[in-house]
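Note that the chains are named A, B and C in the order they appear, and that numbering of residues resets to 1 at the start of each chain.
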Amino acid sequence: MSIEIDRVNKRFRDFVAVDDASLTFREGELTALLGPSGSGKTTLLRIIAGLEQPDSGRIRFHGEDTTDLHVSKRGVGFVFQHYALFKHMSVFDNVAFGLTVRPRSTRPTKREIRDKVMRLLELVQLDWTAHRYPHQLSGGQRQRIALARALAVEPKVLLLDEPFGALDAKVRAELRRWLRRLHDEIHVTSIFVTHDQEEALEVSDRVIVMNQGRVEQDGSPEEVYDAPANPFVYRFLGNVNRFDAHIHEGSARIGEVTLPAPQYPHHRHASGHAFVRAHDIDVLATADQPDTLAARISLVSVVGPTVRLELVTDQGDTPIHAEMAKHRFNALGLEQGGQAWLRPRQGRVFLPEEATG
Amino acid sequence: MSITLARRRVIPGFGLTMGFTLLYMGLIFLVPVGAFLLYTTTMSWETFWHAITQRQVVASYKLSFGASLVGATINLVFGALLAWVLVRYRFPGKRLVDALVDLPFALPTAVAGIALVTLYASTGWVGRYFELFGLRVAYTQLGVVVALTYIGLPFVVRTVQPVLEDLEAEWEEASASLGADRFTTIRRVIFPALFPALLTGFALAFARALGEYGSVVFISGNLPFRTEITPLLIVAKAEQYDYHGAAAIGTVMLVVAFAMLLVINGLQWWTSRRHG
Amino acid sequence: MNTFNQATRDGRDAGAPAVVDDGDLARRWQRATDEPAWLKAVLITTALIFVGLFLVLPLSVVLYGAFERGLAAWFEAVRDPDALSAIRLTLLIVAIVVPLNTVFGVAAAWAIAKFEFPGKPVLISLIDMPFAISPVVVGLIFVILFGSQGWLGPWLAAHDLRIIFAAPGIVIVIAFGTLPFIARELIPLMQQQGKEEEEASLTLGAGGLKTFWYVTLPNIKWGLIYGVILCNARAMGEFGAVAVVSGRIRGETNTVPLHIEVLYNEYMFTAAFAVSSLLTGLALVTIAIKSIIEWQDERQKRRAAA
């Protein structure tokens, strides 16, 4: 089931939650809606589900207009951030709910319901909890039950709102790999909302980055990470440094360093910004190579196998962040307060008017 | 771009429930209260003013207002104490005491009235000890205060209790770790946090006491100019078919009740803002 | 983490640090957020004296007065025809008022808790209004509207309808006076529960009625039960407003509280207390149910936190 969003708008009083969003979600893909809080991603998900009504624009499921179809008729599975399990029902009754509330004519028999619920509980590896109540389960288990409950009605699309948001880091990491494997198994078109870039990059087939109600970029995880469409996406996905740059006929200069800027072949003596990720900066102990910036190491912090450096150059007041492997750091003999030379390996250059982020 | 004109709400039943809510409230009290106020406006200003400023009426205002104020103040002190003890300490029968606090809210006022007058009469279980000191409670203004204290008792306790429960122990520990002694901590940290709730409870108890009738009429003796509360005067006038007089005084009470409701709403808003 | 907090809290409540079992040390070592033992004792005693004077003694005096002359006298008072007729009228009235106010309470709470609309705070304050108005004024309002000298009096008389000094008037004033109770119980409860579970139910294909019945109602069950019982107790015990509109026609328009007043004024104290003990029993059941619900709630919260 593909989903098409056609110029959807939604405001809450003065707040623009979704600003003229148009998107297509392809059949069988797992897509992440990624953005900071207030970026409109949850609102968009709720509009797709039918939990919110757009102010304008249409939603189509497989070409069929569902904008005015009530949520209970839309056939979506929705997994809520705080699970929204029915507190007073056992796990079994929770998962069975969508089947037991069907009108008598389309309701499966008791036996069929039981078989199906147990099958789903096995799928989420929690068949032993059937007679427990939600409060007796851990957060991760509740989340899996919520997923089983959503799947019980055989939804055409599965929508997950910050599915791992309320869990601690270790459970999150486990559960998202599990979700990826589950999706490979059942292949239902799925959209999940997250503000965690690592989660989006790891789990999804496709990432849609949103900010202030607008879609900033739409692409594969590699595309959005390696070729961010604009400074916002650059900043939102990973640590990034911004250098003042001088753009001239397809290249940009930061101090003595030159970076290619092929998208601006006709600009002459323009000023702009170059964005370089922390791990795309080589830190050298000596000045024997060309294209380097002199810097002083102001802070060294060792995080497991990685060393994070803060360096000050005469190019600007904001410190430059760089990352390197610990063994390399030790081999170079660098130290806090010492001198170093920086060489940006790759990055992207944007003109100031593009730098909305 | 097509605009969805039908602004459906996703959760069903808004029209039905809202419609019934407004209809029922309208029929049961909004329209009657409005009609009553309209009735009052058919009086001439002189009639109205005369009705609400008769000496006997003014004396009843003074008693109702004064006794309610005293009762609410007693409740402020003892209600705060009771809330503190119930939240902070452990003692046998605590759960029972906690439950009993709601009694004045659940016990019919007429029953409370005859119980209080029996207790505080000069031969009663409590009244006889007051008698030893030459104090009469029943059939005096003190009796009115006793009844109004009783009726307002749950309010301060029940508004302060939840705030006290939610008070972070860390605040007090922080205060203590910064060198404050216990009394300073209570004065500078706990009391300010409780202040809006205390004031709300006080206002609720006061408002409730102003309009109270059932528990007072038995113990007060209902002597004009001395122990006659304003609600009693309304009943007396209504029974004598002096509808103008009753309506005028009733309007005064209604206006005061609205004003108190506004004050209480303001206080609750303040409490929740402080608290939230 | 939570268990730890619980432990320190309990320790403080017990008046001694939980981990230290040495009495001598406990005596010397006073927690930073604790009062000395003597002060605690004084505060607890003062509070208990206040509770005894204002809550326990009135309750005791009712029960003592009711059974002072033995069970036979109690039965006689309760079985008296006037008492029975007052009980019947009271039951009839609550059988009308409580269901109406229940429907109102649920409807108002649903509209307020599940939807956003302008003027919501005003509506919530309006629902509180009957609580702020003196019961006597409530009675007066309807006397002035429907009484024989009132606005609609002549018209009602011409059509041979009686509202004041008859059961319909009593029903209206009691409905007015007890209108907020169930709504006030349910509104905060339903607001706090939010609407996620209802939304989940809708996404699973359930309609409005099924969602209410299977999802909302079980969640508000205890609040609703308490609201209904409180409304019932207040309806049965309503005095001031009824005193104004009933006309106190013995055996006809006397409710139980009015009957108690009549008995008391005729110096039939034992009978007055005997009939009072019925309503007192109801009040005790009401606060017992409230305690049980709160106790369950606490246990649930502790369970959820564990």
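By definition in this document, contacts are C-beta pairs under 8 Å (C-beta built on N, C-alpha and C of every residue); 3 or more make two chains touch, one makes a residue touch a chain.
Here's who's who by UniProt: A = Sulfate ABC transporter ATP-binding protein; B = Sulfate transport system permease protein CysT.
Keep in mind that this is a model prediction, so the values were computed, not measured.
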Compare the CA centroid of chain A with every other chain's and tell me the farthest one.
B
With contacts defined as at the top, give the pair, B-C or A-C, that has more of them.
B-C
The chain whose mean C-alpha position lies nearest the overall protein Cα centroid is chain C
Approximate Å spacing (C-alpha centroids) for the pair chain A, chain C
51
Using the average of all C-alpha atoms in each chain as its centre, how far is it in Å between chain B and chain C?
15
Any chance you could list the residues of chain C touching two or more other chains?
199, 202, 207
What are the residues of chain B that contact at least two other chains?
10
Could you tell me which residues belong to chain A and also touch two or more other chains?
50-51, 70-71
Residue positions on chain B within touch of chain C in the complex are 9-14, 16-18, 20-21, 24-25, 28-30, 32-33, 35-36, 39, 78, 81-82, 84-86, 88-91, 95, 97-112, 114-116, 118-119, 124-126, 149-150, 153, 169, 172-173, 176-177, 182, 185, 207, 210-214, 218, 231-232, 234-235, 238, 241, 243, 246-247, 250, 253-254, 257-258, 260-261, 264-265
Residue ranges of chain C in contact with chain B within the complex:
8-9, 12-15, 32-35, 40, 43-44, 46-48, 50-51, 53-59, 61-62, 65, 100, 103-104, 106-108, 110-111, 114-115, 117, 121, 123, 125-130, 132-137, 139-145, 147, 149-151, 172, 175-176, 179, 195, 198-199, 202, 207-208, 211-212, 230, 233-234, 236-240, 243-244, 256-258, 260-261, 264, 269, 272-273, 276, 279-280, 282-284, 286-288, 290-291, 295
Seen from chain B, its contact residues with chain A in the complex are 1-4, 6-8, 10
Chain C partner contacts - residues on chain A that touch it in the complex
49-51, 70-78, 80, 82, 84-89, 97-98, 101-102, 135, 146, 149-150, 152-153
Looking at the complex, which residues from chain C come into contact with chain A?
196-197, 199-207, 210, 214-215, 218-219, 300, 303-304
